[in-house]
Every structure is written in structure tokens, then in C-alpha cells.
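Everything below concerns the one structure shown next.
Lettered A, B, C and D in written order, each chain numbered from 1.
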Amino acid sequence: MSLLELRNLTKRYGGIVAVNGVSMTVEPGEVRAVIGPNGAGKTSLFHLITGVVKATEGEVLFDGQRVTAMPAFGRCQLGMSRTFQITALFPEMSARENTSLAAQARDKQRWLPLGGQAVFAEAARRGDAALERLGLTHVAHRPAGLLSHGDQRLLEVAMALAQQPRLLLMDEPTQGLSVEETAQAVEVLGSLFAAGGLTVLLVEHDMEVVFRLATKMTVLHRGTVIADGQPDAVKADPAVQDAYLGGYA
Amino acid sequence: MRTTLAVAALLALMPLGLPPYAMTLLTEALIMGLFAMSLDLMVGYARLISFGHAAAYGLGAYTCGNILLHTDIPLPFAVLLSGLFSGTVSIGVAWVCTQATGVSFSMLTLAFAQLLYAVAFKWTDATGASDGLAGIPRRPGPFGTTFFASKIGFYYLTMACLFGGFLFARALVRSPFGAVLRGIRENEAKTLSLGYNTRLYKIAVVAASYMLGGMAGALYAPFAGFANTELLFWLLSGQVLIMVIVGGTGTLVGPILGAAFFLFVQQQLSIYTDSWALFFGVIFIGFVLFAPQGILGLARRGRPTEQHR
Amino acid sequence: MPGMHRRALLMSALASPVVLRHARGETPIKIGMPVALTGPAGEIGAQMRRGAEFWAKHTNAKGGLLGRPIELVIQDTGGDPASCVRKAQDVVERDGCRLLFGMTLSSEALAVVPKLAEWNAVFMSSDNGDGRLTGSSLVPNFFRANTSGPMGTRAVSLYLRQAQFKGFYAIGMDYAWGRNSIGVFKDEIQKAGQNFIGDVYSPIGTKDFSTYIAKIRQSGADACFIVMQGDDNAAFLSQAKQYRLPDKVQLLTEIVDLNSIAATGDASIGLIGSSRYSFTFPGAANAEFVEMWKKEYKTVPDTFEGEQWQAGQVLAAGIAAAGSIDAEKLRVALEHVEIDSIKGHVKIRACDHQGEQQGFMVKVVKKEGAAKPTPELIATFPADRVTPGCGKMTYDS
Amino acid sequence: MDVLPFLVTQCLNALSQAALLFFLGCGLTLIFGIMRIVNFAHGAFFMLGAYVGWSAVRLTGNFWLALIAAPLLVGGFGAAFELGILRRLYGRDGHAFLMVTFGLTLVMGEVIRLLWGVEALQVQIPAALSDIVFILDEPFPIYRLFLAGSGIVVGLTIWQFLERTRLGLLIRATSQNAEMVHALGTDVRLVRSAVFGIGCGLAGIGGVLAAPMVTASLGMAPNAVIDTFVIVIIGGMGSFLGSMIGALLVAFVQVFGSYYFPDLAMAFMYLIMLTILVVRPGGLLGKEA
């Protein structure tokens, strides 16, 4: 069974159709990238998947369960963790507190109003492990707001990882990074994905990044899917070249 | 913990040396301190800036006043019950108010408090309308003891409520629940996306805050022997917010100090001038402009930062 | 200066030349006076303060009470009951007062009286109207030297028995006194078999009475009973005049005082009401008091100045009889005080601590050549007809 | 008495109240719409207007002069406060403004008390307006008619000002995109000071006009600021038309409510506000909160 399945998903804002009858799947273990030119509906699709906005039509299924009407935090509880296009952290907390708070969200006793030392210990353990996987252990005690741009990006990924997600959703993971920082981030993420065990859906417009990281691709154009498959096959698709890739290939 | 015990011991010794009027003032300061601390739970830990916290105080005071006037429930239980009642009512209030965020949230809380004020002004049977509830007694008990009805006994009851409330609030903000509140304070959208139902957490913290604030009001009713609509008025909401901000938000102790500070200064100034509110206003503007972290925040900034959660 | 308020110091300083000459070395008798000096009832509070100051000065000049000078500790309550409780507690605990004056509004007095036993203090009221203070809310340490709201209302209703009106409406300030007096009035009117149409209450501090006036006009009543004081009273009377209400409706009031007349000018002419005290009352005692007052203040005494003086005289008689200001002894003595005062004979009843006294009806008229309208005495009722039964607020016949 | 004359006079009465509330509401909404500041001190500026008006009438004996002088002074003070204090807070969150202006409310209340004393001060209605007229045989004060009229006139003037003048254009542009206006070479800071001053000045006009009816007194500020919040919240923060609708709604609820349901009038007003906020968090005509 697919981990994530979209059926005929549509979002209209007044008269404007942002996402138009999109159907696609994400299989366990794959790293799928959704690409498309500006205004293709990538961000709207991402919002529909994470639950930030509600679909006009169609269904979102996660692990066979219908989650179309479920609020964002509920989907997260099922195992969907996300990162933001513009880095979203808790700037005054240390990096370690950031990942710990993220990990705590997966604890059944996350709401415990008194005591809770065991909850904290477990959350810190998972958070620290995530920091280590992304090579951030050396900045663990620094306030998140004072980290470098690249590290902040990675910290956000670490927070998602600390939740041990079944599906990791990334919204333009290299947005706003310098060329150098992008290269670094891609390297870290590449080895992370290569290590296996993660299912990832990422939205990205930087082709370099997509071809380095993705194992599958979906191409959006004006709210509709125009191609889907292996990166190389998609790259060769004339419709895609026409709509988007231009002279890239 | 050691500091808390030392302060408790010091306060416990106060009745030995202070004249009655000073004990009255000190008791009122402790009540106000509890009230300000309760607001800090919302303002300092979840950035829920309430402009209507008098609602909690007034609810507690009227509830306790009615319990003491019309039943034989002993004073300490009446105070606890009133706090619980206030906390329960607030769940509805919070459900509505947390529809909004930011300044709109503040306005909604103000509107709610004013609605209660308007109702209290006309609901003669429960509130005595503009005449208020007079002659609120301090019922004896439990177990027939009249200790809490005496001036000193009442002081100890107030002290117990303040310290109990403080320990409860401190445990709350240091718990996993408190960690989520801190997340909401710094970045609510992110906290939501991590899988926390932030609205429930906000409603819960409002309820806890109203419960403690309600207890403070519940103590005030038998303290003054009187309760009227003034306890629901927006001016009180504003004053307590001033105490919290000047004392230092997100510190629990700061607002208690802020309340005591303003009460003593007001008492001293009102001997010489009726214009003590002028002083209130100027100090407050100064703090918002130059030291938004408050007295305790200033003091802590001077020290090397400690690892605190 | 621990335990001493600046205003208290000022008060004693004002009276000091006399104090020093007559009562050197004696500790003063401190009387706490939490009183509304600001807010809508501020003018009444100011009258009470002047009355008390004048009485204290006069008494100190004669050697004080029990050879001790009187010192007033005055604090402003703003007319707010919560603040009044706080200020009263303050003068008792901080300044050591065991005697209390003041508490301008009945709601303030109702808030304070339950505390009197704990403080071991006696409160002598000079203006509180609410009948419950000497009824259901009576406490042993409360005494009322003044005409109560029910008594004033009763005087009006007795007067109305000679008049013929088709229907009555009533407007009162929305607090203890207003609601209490109108309740008594309604009872009286209905017992007399007359038509009571309705009542309405305006919040304390109301400035715009247009809706209330419209309501009175719409009711079809040809007489309206007013239970208001201070700024609210003045505002209502002048707006009623503006809307030509007196053309259709005879205005009756529970209190006629000079200040309201002055504030409303000719708008008050024709107003009929009971008067708790007026400088126009008959008798040598009153004439003498008015003369003394004129000498001091260059004007005639107003309602609450006269009432406060009478309250002071009652308290003085009680202290003299008790030989002490101890609450226990003073209470017993006060319960048997009888004096001849500026309002005639006043007797404190042991049963409910109300001062039995005559009831007066006045009409506001402008005499030929006079600058201002004045209240003219039109009827007097004996004490036993206006004072209700012990602990009661209504009348049987 | 007939129902019709009663209804007509009460409606006129409500209109005159609405005019006063509108002066308050549109000033507050103007300031919020452009500066994102919730001015808690708005009631205090209203009160200041009444007191300055009283003094001006006393000094010059002319109500009309007071009607010009008071808003100028009050507005000038408002602009000065923006320059001296509020300016330091841009960049902080909206609550900082709410708190500072709350502090200002306390300070202004005390300063006014020190300067003018605690007694309520009566402002004489100008002779031309002090009489009454009979509308369908019901007496009605001319001054209230004048109030209702002035509300309409000022409403139209502001509307035309915003639509037709250069400063009006700038103000509207600033509310939409401050950086853009700044980039076009206009001093946005000056526009902000002007807007805060104009908003406060409007409250000042309201104060002068209210004074003959309700006297200048220290209780004015708290009552006014709460009513104003209700109006602006109902109408939608930042919406000029919304503040007009809010003022009318509140005035009619107050006048007819206190006639038919005197015990519920006040609670009713807050209930309306809460209902609107829950259904439309931005108010009737407001954008998303």
C-alpha cells in the first residue's frame, strides 16, 4: 500500500484553481520531489497535504486512512513531519531544546502538567540522536536564533527527524541559502537519505538539488500533473521540457 | 526550593512583629501577588495577553462571597471551590477567545470581562448590583476551628494559597505541558506543525490561570468582607497587567514582587497625594519602553544566563 | 510620621489654637471620616466634611469632649463601597479611630457596618438613607441621627394625601438608597389606594437623562417622585426642565438641598419634597446655628451640613453620658440619648438605633427680589408619624 | 402620547449619540488602519477635548472658537506623543502600543485632575442652540439636532478628505504599503505623526461637543474608551464605514435598550460584540483579524 495517496485533489480560491485534480502516490522508502515553475501550485499542494488548508475536492489518504478533513496537528500525530519554506524554529531556545520539544510531540504523555522527567529524558535522547545524524551536536547548546542559516535549516530537519516520522515533508529545503550553504545542505541531506529508512516528499524548484536527492519526481504545471516517474525519464519527457525545464537537459 | 522555604519562613514570622494595619496591607499584597502570578501564566508563558483578567478575580470573589453568605462551607474550602469554579467557567471563555490571536485576543478578553461586569451590575440576587455583597463572613472550620477567621489565621491561609499556587504554577511551567507553552510563546505555527493541538494547550493554561486568579479573588471577598463590580472592572485588569509587566513576565516571582511593589508604593503615596495613578502610569510607560523584561528580567540579565526551562 | 496621615495633620492643625488652649496634654478623640469627596456624590461629602469640621471646631472651643480635643481623620472614598471599606479599615487600624463619621452613600455604609464589631468601633450616620441600616442590616454599633430614606418618603406620602394626582412614576439612583426609598414610596402610594405606574433607576453618575425623561413623559403619570442626590440630581432637574417635564408632571423629591437648587437655578422652582434639613426650619436653636454658620462661612448651612451637626450633637451627648468612648459603654449611653437639636426634639431609639425626629416638607420658591430660589416650609409632621416601627421600613397607616 | 412622535424623537436622540460615538470610533479606526496601533488612550483624548473646550469657552466666551481650538490642541498633543514615545516602539508587537497607551490613559487622567480639579465642569451651550424645538409636538433640544448634523458633516468631510486630497491619498497608500510610500520619497514617519494627531483631534472634537450635554468630568475617559472599542470591533478595525455602522448600532442599542430593557442594555451591547467577533473575527467590515 502507498504511504501517501492523493486522489483527484483540487483547491480553488474563488475563481482561481490552484490545484486541479492531482492524483499521485508516495511509496514507502522513496524520496519524491514535486517540481514545477513558479505558480504551478506546488505550495498549495504542500498545504493540502500538511493540512494547513482544506481541499475543495478530492481526498488525501495517509497509510490507507482518509485524512482530508484532519487538522495539521492530527496529521502530524499520524507520522507526517514537515519543514517550512522559511525556517521556523524556536529562536530563544537552544538547538537541543528545539529537537527535544519536537520529539516530545510523539510522546503519549506530551501534555503532562506536572513532573514528567521521564518524558523529558526520552525526548532529549531522541532529539540528541537527530542532532547527531545531521552533525549538529557541536551547536546543541546554542540558541537556535544565533545559528548560521545553513545550520538553522538542518536544525529544522533534525526537529522533524526527532519525531521519527513515517513521512518527511520538506518545503523547498534550500530556499534562501547561499550557493555554498546549499551545497553543504545537499551533501548532508544526500547522505541522510542514502542511509535509508526515510520516506520523503519534497517540494523544490532548484533542479540541481532535485536530481541529487530525489528517486522519484512529479511535475506540476498550472495545477495539474504533467509527468511522473524516475528522474531520468521525467527529464526526457518532451512535455516537461516544453513546460518547464527549457534548455536544462 | 531553598529560597522558597526561606521566604516562606520569613513571611510566617511577620505577624509576630507587625502592627494590624501592616498585616492588612501585607495580606492584600499576597492576594494581589497570587492574582498577578496567575496572569503571568498566560502572559509570560503562552503570550496570551489578557486585558480582562479581572474576570477571574471577580468571578472568584462573587462565588466565594455567595458560598460564605449562604452556606456553612468552611472558609478554606470555599476559596478552593471558588477557584475551581472560576477555572471551569474560563474554559468556555477561553474557547471563544482563542478563536483569535494577538491583539484580537486581548480585545476579546476585555469584552468578556466587560460582559461579566455588565451582568454583575444588574444581577442583584447574586452580586448585590452596585451595592455589592456586604458582610461576607469568614466561616469557621474545617473541624470547627476558628483559626482562619482571625486576622493572623487569615494571613496564614492567604500565604498557604500563594505558596501552594506558586509551587503548582512552577511545576506546571517546568512540566512537558510547560515546554509546549514555551513553544507556543516563541512560535505558535511551528508548535502546531509539530503535532501539538495548541488551542487545547492555550485553553488549559487559561483555565489554570483563571483558577489561581479566582482563588485570589475568593480570598479578597472575605478579606475585605465585601465584593462589588469594581472587582470586574477593566481598570483592575489593566493594573494587574502592569504589575506583571513591571515585575517581569515569564518569571512567576516577578509579578508577585510587582504586585507587592505597587501596593506598598500606592499605600505610601496615597498618604501624600491622590495622584498615585500618575506614578503608576509613568513607571509603566518607562518599563514598556526601556525594560520590557521587567524588574526581575533586568536583575537576571545582570547574572550569567542559567540553563532554565 | 508613622501612623499619621497628612490630611489628619492638616485637620488638627486647622483646629490647633483652640485645641492647645483648652485641652493641653490630653490625647485627642479621633473620629475617622471616610467620605466621598470626589465622584458624583462629592458635593454631599464636602458638605458632610464642612459640617463635621465646624462641629469639631465649635466643640473644641468649648473644651472638647471629656476634656479631650476632637481630631477628624478624613479620607476620600470616591463614593465607592470597596474603597470605603478599605479607607475605614485604614483609619481604624492605622490611626486608631474608634468612632466613625461619614460614608456618604448608603451602599458604602452597608459595606462597612458588618465590620464594626471586629473593629470595636461606633459609627454615627449623618446622611445614610437606606432603611435597612436600622432594619435587616442593623448592627449594634451603628446609629443613625439623620432622617432616613423611608422617613423622608413617608413625609412626602403624608403630604400627598391632601393632593390629587392621577398617577405616580418614580425615578431613583440605582443603588441601595434609591431602590429602598422608591420601594417605600410604592408601598405608601398603593396602601393609600392611589395609582403607582412604574419606576426606573439610573446608574450612579448618569449624565444624560433624555431616555429616562422620555419614559416618564410616556408613562402618562402626572407626578414623579425623584430619589437622587449630588451631580445626578442636578443633571436630572436641569434636563427635565429643558424637556419641559414640569409643565406636565409635578416633580416630588425625597431630598431638597441648596446645592442642587443652586446648580439648576430656576429649573428647581416649584419642586416639592421632603427636607432633611433647611436653614429655613423654625426654632431658636436653628436660628442660632445658622448665625454661627454664617459667621464662619459667610453663607447659610446646607442640608448635610445641618444633619452632620445634629449627628455630632447626638454623639457628644452619648459620650458625655457614657463618660467614655469605649464602644460597649458608648452604645448603652447612645441608646438613651435625647436632645433638642436644630431640627427639634431628637430621640435615639434603643430598639433600632434610629433617631426619632420630625418630618418636613418644603417647596422651592423664588421670593420677590431674591437672587436664588429657596426652600419654603409647607408642612411639618410629628416624629411618631414619620418614624417607622422598630426595625421596619414601611408604615401601617 | 402617540408612538410616532416618541419614535421620531428617540431616533433623533440615538442619531445625536451616534455622532459623538462616531467621532471617537473613526479616530480610533483611522489610527489602527494605518498604524496598526490600538490606542487605549483614545478616551483620555476625548476627555482632554472636553476640558480644553471648557477652558476655551471660559477664556474666550465663544463655543465656536473652542470647537476649533480644542481639536487642534488635542491633536497636537497626540502628534507629539507619537513623535516622542510611540515612535520608539515600531518594530515591537502590537501589545506594546496597547500597554503604553494604557499607561498614557492613567497619566492623562491624573494630569487633567491636577489641572482642572475633580468637580464636573459645565460647558454652556451656545445661545443659538440652547433652545428646544417641537417635533410633532414633542420637545427636542436643538443642540442634539446640531450634534446629529455635525456627525454627518464631519463624516462626509473625512470621506472626501481621504478620497480627494493628496494627504488623504498618502494616508490610504501608507495603510496598504508603508515601504512603497517610503520608497516613493514620502516621509512615512511624518504621515504617521499626522494620522495619530488627526485621530486624537477627532476624539477632541467629540469631547468638546459632548461637554455641554454631559459636562467635562473625570469619568468620561473610561466610559468613552470602552464604547469606542465596542464600536470599532463591531465595525471592523480599520474600516471607516465600519466605525459609522458600529456607532449607529451602539447608539440605537443604548437608547432603545435603556428604554425598553434597562437592565439588559449594557450586557446586550457586549453580547452583540462577542457574537460578531466569534462569527467574523475581523468585525463586520474588517479584514481578517
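In this section, a contact is a pair of C-beta atoms (placed from the backbone, for glycine too) under 8 Å apart; a residue touches a chain by one contact, two chains touch by 3 or more.
Predicted, not measured: the structure shown is a model, and the values here were computed from it.
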item: Set of chains adjacent to chain B and to chain C; value: D
item: Between the pairs A-B and C-D, the one where more C-beta pairs touch; value: A-B
item: Remotest chain, chain B as reference, centres from CA atoms; value: A
item: Chain nearest the overall C-alpha centroid of the shown protein atoms; value: B
item: Chain centre separation (chain A, chain C; CA means) in Å; value: 78
item: For chain A paired with chain D, centre-to-centre distance based on mean C-alpha positions, whole Å; value: 50
item: Separation of chain A from chain B, taking each centre as the mean of its C-alpha atoms, in whole Å; value: 43
item: Averaged-CA centre spacing for the pair chain D and chain C, given as whole angstrom; value: 39
item: Residues of chain B touching at least two other chains; value: 121, 274
item: Chain-level touch network, classified as line, ring, star, complete or other; value: other
item: Touching pairs - complete list by chain label; value: A-B, B-C, B-D, C-D
item: Touch list for chain C against partner chain B, complex; value: 3, 5-6, 38, 76, 80-83, 85-86, 89-90, 93-94, 106-107, 110-111, 113-115, 137, 174-176, 203-204
item: Footprint of chain C on chain B - complex, ascending; value: 19-21, 24, 121, 129-132, 134-137, 224-228, 230-231, 271-272, 274
item: Of chain B, residues touching chain D in the complex; value: 49, 51, 96, 99-104, 106-108, 110-112, 114-115, 118-119, 121-122, 234-235, 238, 241-242, 245, 274-275, 277-278, 280-282, 284-285, 288-289, 292
item: Interface residues, chain C side, partner chain D - complex; value: 37-39, 42-43, 200-201, 205, 207-208, 210-212, 214-215, 217-218, 220, 231, 235, 242-244
item: Chain C-touching residues of chain D, taken from the complex the two chains share; value: 1, 6, 9-10, 13, 118-120, 132, 139, 141, 144, 213-215, 217-219, 255, 258-259, 262
